[in-house]
Amino acid sequence: MNESLHLWLIPLLPFIGFLLNGLLGRRLPKAVVSAIALLAPLGSFLVVLLASRAALPHSESYGNWITVGPLNIDLTFVLDQLSLIMLLVITGVGFLIHIYSVGYMHDDEGYWRYFAYLNLFLFFMTTLVLAGNALLMFVGWEGVGLASYLLIGFWFQKKSASDAGKKAFIVNRIGDFGFLIGLFLLLANFGTLSFSDLAQKIAANPTMTGGVLTAIALCLFIGATGKSAQLPLYVWLPDAMEGPTPVSALIHAATMVTAGVYMVARTHFIFDRSPLALSVVAIIGAATALFAATIGLVQTDIKRVLAYSTVSQLGYMFLGCGVAAYSAAIFHLMTHAFFKALLFLAAGSVIHAMGGEQDMRKMGGLRTKTPITFWTMTMAVLAISGFPFMSAFFSKDAILAAAFASGSLGKLLWFVGLVTAGLTAFYMFRLWYLTFFGETRSHDAHSHESPWSMLGPLAILAVLSVGGGWIGAGRFGAFLSPVLGTKTEELTGSLEYIMMALAVAAGALGWFLAHRMYHQRSAAAQLAAPAPAGYNLLQNKYYVDEFYNLIVVKPLLTLSKYFLEWVVDFAILGGLAWLLAGIASLSGAILQRWQSGNIRSYAAWLALGAAVLLYFVLAPHVFGAASLHLGMAGH
Amino acid sequence: MHLSPEVPLVWYLLLSAVLFCLGVVGFLIKRNLITVFMSIELMLNAVNLSFVTFAHQWHDVKGQIFVFFVMVVAAAEAAVGLAIIIAVFRARATLAVDRIDLMKL
Amino acid sequence: MDSMILTLILLAPLAGAILVALLPDRSKLPAWLALISTLVTFGLALHLPAHYDAAHPGFQFVVNKPWIENPAIFYHVGVDGLSLWLVVLVGLLGPIGVLASWKAIQRREKVYYSLFLVQQTAMLGVFISLDLMVYYGFWELSLVPMAILIAMYGRKNGPAAATKFFLFTFIPSAPLLVAILYLYSRTGSFQFPDLRTDIAVGAVPAGALFWVALAFLFAFAVKVPVFPLHGWLADTFSEAPVAMAMVVAGKLGLYSMLRFHVGLFPVQAHNIAPLLIALGVIGILYGACLALVQRDYWRFLAFAAMSHLGLITVGVYGFTLTGWTGATYQILNNELIDAALFVLLGALEIRYATSQIAAYGGLANRVPRLATLFVIVSLAMIGLPMLNGFIGEFLILSSTFTISHSWAIAATVGVILSAAYMLWMIQRVFYGTESKLAAESPATDLRLSEQLVLWPIAVLLLIMGVAPNLWLRTIETAPKPIVLQQARSADQPAVTSVPMEVQR
Amino acid sequence: MNSIPDIYRILPEVILTITGVLVMLIDASLAPLTSRRTLGWFATIGTGVAYLASVWQLSLPMGTGYSGTVETSPFTVFFHVLICGIVIVTLLLSLDALPEDSHHQGEYYALMVFGAVGMCLLTAATELLVVFIGLEISSISTYILAGYRKQTGKGPEAAIKYFLLGSFATAFLLYGIAMVFGATGTTSIYDIARQAATAQNQLLVEGALAMMLVGILFKVSAAPFHVWTPDVYEGAPSPVVALMSTGPKAAAFAFLLRLLYEMFPHLRHLWSPVLWVVAVLSMTIGNLAALRQQNVKRMLAYSAIAHAGYLLAAFAGFGSTGIAAATFYTAAYAAMNVGIFALVTIAGGYNDERPLIADYKGLIYRSPLLGSLIIFFLISLIGIPFTGGFFGKFYSFTAAVGGGAVILAVIGLLNSGLAAAYYLRLAFAVAQRPDEEDRAVRTPIAPIGLGIITALALATIATLALGIVPGGALHAAETGAHTLQPSPAPASVPAEVTVIQTTP
């Protein structure tokens, strides 16, 4: 533990940015607001760079948060290879997106509020990543949920935006419910939540497998599915596109949604001990990937396509984790952050150019009008569809290889991954063609290129998307090994190349089909022709939202309104109280009748009372001692 | 021990109890205020009888003194009672006990 | 000074009440007097935590003078870790209540503020008195000002709600008094410390003790309110003036449960604990579901409060150290949050004169500060980490988890529902398209008197969330003896929050 | 032992009689039209002197006078003070309440004073004859006072009902006295106490107990014999009801205490269950019947019946605790009832112009003093702590629980919970916001004179004092109770019982 790296600065700077902008932003000029907002991520980024030079892992504790009897939670920040990479991605991409936002949100009257929330998000995300114990991570976990709620519902006048915000927060909360139960299990079984202690304790008793650990792992995974929009709880991410585009780029592509993957990686020592949990993670990952990719095929809103693409790519990462290739998953997380952020920002620039239009069917021919956006987006499209030597080519391939290498289930999941890779290529190039090629379908043709403050980040991200793969190709696994351990089975040389070839072939097939469909003929609904039923199903996102409404929301509301409120609260409880009052007042009324006002009836009651009293007092004598004659001998 | 010529005291007590019950029944049955009032006087006199009997039995003059006081009180009650009955008659022009039920419930 | 402080705290609001009653009712004079006397009380109350040393737990600032000799009633007051912060809380709620009703109450201010101060005295009396009769006296006295004010200032049907409120608490307090008298006839003392030792020693026969404990529990459960006995809550919240409704629910009942049920009858309380945990959890879910469908926001707040009080009840009857500490801390949190919500909704009612949620919509633009504060307080209520709601919630749920997994999981579902109904509420009132009412009425944002109340509370919520140890250190000392006593008594295993003795 | 002259034993009664006679004489000599208020003041001063005389009696050594027929002891002094106090307050009340034109006011005051004589005599008597005479004097004077408002239809009806039923019950009492005389040959309470246990014919003794109980329970308006109370209270003018519901009742209870604790302690196994049943009946019937009552005076009549029930509960206590509790309750009850009826006189009007609860709506807005006092007395009647009512009930139920009648205490307290419902209905009607067109708002309240002010002040101070510092009154009640204990029965009555003890 050499000298302190002031890790607390990393989350604190964005928090100060949030406070300044939040409290004073309304009165500050835009320039000052953006200055404060930009300094925060830049500052944190520099501190992270400074800290990366030190010997890792490095943990600092800043005193005690909660101490009650046996429970003892400290404020500890841990910087190791895993959190370093995450921090670099968060603060780096975050900073770029902040710069982009200056341009994108320039004429929005809630300008200061937007940047305050963005800084708040960075504060919580950095806390989540740096957290040394699970409870502190949970603080960051719910904090980013709050930030996403505020940012999705940024334009709160729009009912759809505030609805989406509420939906995101509640679905996240359902995930957090699982996370909490996991925390309680950990606390109940190990008495502590600190990751290092947990790792020691679990390592300390190897016999403890099955039951408890699987339960903990699965509960934590429920939390992850909530936050990272995996199959059961993914419904909030597509609606989250109601928020401003840079928000989608930062939160719903690069950083927040990856928190689930980071959490699984951080607690890999639990998942490793329960194969069942791992296979569940893998299956759900692969299933989500395929499921989201199919929906992505038919979306007409440019941001919805990217949203489903994110869900699909996250599926890949969980597939990676599921087959215990955590370093591959994190590698894909990093590369995905770069090209998906770029895709969203480019889409933002396209929307900006189209004057707010998001429907791809009304776009076209932007290749000439916005060349820089076109070229940067092309880089990203190539990267994501696994074009050889682009970033995804390396990271996705690592995951697929790891999947293929891990048993029969792995091979099935590998095949699903392969198909998804093809689909990914198809819908990305579909987007590419619809947006940039063919003649412009929109009536107001004055779309122009975005200002440099937006294009700069695009360029940087394009470079990272291309180069990202090279950085980690060979060395990524080794770099993360001290934290995540090494992945033993490596494919033999020839098998690996076949894998690569197959992946590239799938990508090419996807491109070719998209080319045939959307380049020669400009009509968008081509794909609908062959399978109208399928098209409608996909168009309506498998009716999942309606299904959830039907199964959960509607019955809950009707139950509580009609049964709980009317029957239980009003009829039974209220009725009971009313009944008691009724009996009392009824008997009161009867007793009142007793006062007939007639003197003789009063006297009758008096006499009756006297008789009863006499009877009670004299009874034992009259009957008991009948034999005793009245001994009144007289003289 | 032959039966002494006098009537055994217990008969007097039974008589006074009967008179008392007659008074009570009279109070319940009679419709006219005056007769109701008289039945109360009857009850008081029944008690006087038992007082005298006990005084004789205990050879103690205290019982008879008690009787005098009871009579005095009965007289006072009669004065007041009749005054009230007159007031009721003047206010309600009736002596029927059942008609005096302005106040009920 | 230490021995006098509690009597001073008790008499300050009473003196204020008499002063207000005597002086004329002109130009806000009663309001200013009330504000001064509540601030004085709060200042005095702050003296307590400053001079309370957590090193050796037990009652401090104790005053014990005989008052009546035949049934031996003593003026015996004192505070320990449990009641210390509750006294400070009542002190804090005083000025908040006065400021909250500054604009809301225009008529008969003299009667209003003197009764408000009498209510403060009664509540302070309940928290500091250690003689069961004096406690019972203040417990009943706290009903009267509340009932009168509900009757006088009721919005739609004051008297009916006031009678319901009064009878719901007054009738169960009858068996409570008989139980106290029975204990007195058995042990010859009303003092809490003596009773505790006598009962532990077995001076009272077990059979009767069961009924006595039940009588105590029944009276307190109605006051909390626990699930089936909550008939009065919704009506009281929708009829009572803001400053009074703020103080009615929760703390009196819960404190009494902790002190006079779990404290006096640990064995009986332990036996009945499962039932109460069940009722608590049902209360959480029941309150949450009903809050989802309420149309009037006062009733909404009533059921939301009931849901959170259910959680505390679960904490109280978890019989773990963390559970008790968490429950006590959560009482503080909840009262603060409810107070803030009451002030905010009161502010809305002053501006828009209706409490129907449907009439509202899109207010965020019209009253941005009010909206921001409402969001902050709601987040604290649903237990967002970094704010105070989360700490108590986590402590209670984690300790209950060690007791029974199923009930703890059911209680944790409440976390989801609480987010649902609070966000639904924020959405309907502040976001979305601007409603007719919001558009045309010339509403202004928060006034100084309201901001003066709300911003300090918001900051306090944050501090209590980030640095809870300031409070937990003292609160933790209260339940320790009971836990130790539990551990000593043979039949109960040491019920701490961690069954396995794996401790750092 | 009888060193002091007998006259001192009955000094208060003598002073009262002189005052009464003088009032009558002066009244006769005054011109018909001049105002009789001075007579009222004269009567009040006379009673005041009697009050001082009875306090002075404390300094006398305890003992009986007039060959054992009257007695002065702390017990009798307590009741003398109480009765004189009640009469003073009622006289002050009537000074302003009686309208100027009501004819022969002089007799009104004289009758009140004579009534006081009767009551004091009843409490001081240790001879059944004197008991009978005292009872009759107080009854007859109250019969006449009940019918004072001759011109209304209800006045005479109340008088005739009270008269007929009263004398009917007194006849039973008399028959009881006769039977006791028959069984023991003496009518002196102390002699009876000695001989009753070993009387030869127990049938007669128990018969006497039953018969005397009927007479006394009627006077106290306990349950089966209560039917006259509502009608008479409604018919009689309010100041008279203030006297009737407290004075004669206190005296009757004093005699009941002597009867049960002094004369027939050995029959406890008989009269204790009877009183248990009567107490429960009176409480329940009194409270239930009052629930639906709209007429304020009738409602208070039912409440008087209920309070008789609470008082009878004290008789379940053994020895001095029971007596002290009952004595204290008569004082507390008297203070409350006189207060509330004084207020009903003012608010309801002399001729009951505003008899219904609805007429009291919004009273606190029209005259805050009157309104808040009504609420205060109603709260004391409910039994809220720190008022006389609470400690009355508290001691009564402590005695009951001490005596083992726990169920009775529970029923009693649940009943007082039920009672809160109708008291609150009146309290909240007074506290409610009046809607303008309401009839009650327009009729102005009579200006409150000096007499009523002092009457109200005395009643309020008494109720508050008995609530906050009940120690003093309770101590007096206890010393009284000790004196009442029967002198220990002589060591042993000669074994063989001579059939007839012939005394010369």
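Order of writing sets the chain letters: A, B, C and D. Residues in each chain are counted from 1.
The definition used in the following text is that contacts are C-beta pairs under 8 Å (C-beta built on N, C-alpha and C of every residue); 3 or more make two chains touch, one makes a residue touch a chain.
Worth saying up front: this structure is predicted, and the values here are computed from it rather than measured.
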From the Cα centroids, identify the chain that ends up most central relative to all protein Cα atoms. C
Any idea how many Å lie between the Cα centroids of subunit A and subunit D? 77
Can you compute the centre-to-centre distance for subunit C and subunit D, using the mean CA position of each chain? Integer Å is fine. 44
Roughly how far is subunit A from subunit B, centre to centre by C-alpha average, rounded to an integer in Å? 96
Calculate how many whole Å lie between the centre of subunit A and the centre of subunit C, each centre taken as the average of the chain's C-alpha atoms. 35
I need the residues of subunit B touching at least two other chains; which ones are they? 13, 24, 27, 36, 57, 100-104
Subunit D residues counted as touching two or more neighbouring chains: 160-161, 164, 168, 230-231, 418, 421
Give the residues of subunit C touching no fewer than two other chains, as numbers and ranges. none
Tell me, which pairs of chains are in touch? A-B, A-C, A-D, B-D, C-D
Parts of subunit D lying in touch with subunit C, wherever the complex brings them together: 324, 364-365, 368, 372, 375, 379, 382, 384-386, 390, 394-395, 397-398, 401-402, 406, 409-410, 413-414, 416-418, 420-421, 424-425, 427-429, 431-433, 470-471, 474-475, 478
Spell out the part of subunit B that touches subunit A in their complex, as residue ranges. 1, 4, 6, 8-10, 13, 24, 27-29, 36, 57, 97-98, 100-105
Within the complex, subunit D is touched by subunit C residues 67-71, 107-108, 110-111, 133, 136-138, 140-141, 143-144, 147-148, 151-152, 158-159, 162-163, 166-167, 170-171, 173-175, 177-178, 181-182, 184-185
Complex contact set, residues of subunit B against subunit D: 13, 20, 23-24, 27, 33, 36-37, 40, 43-44, 46-47, 50-51, 53-55, 57-60, 62-63, 65-66, 69-70, 73, 76-77, 80-81, 83-85, 87-88, 90-92, 100-104
Touching residues on subunit D, where the partner in the complex is subunit B: 129, 132-133, 136, 140, 143-144, 147, 150-161, 163-164, 167-168, 171, 174-175, 177-179, 181-182, 185-187, 230-231, 234-235, 500, 502-503
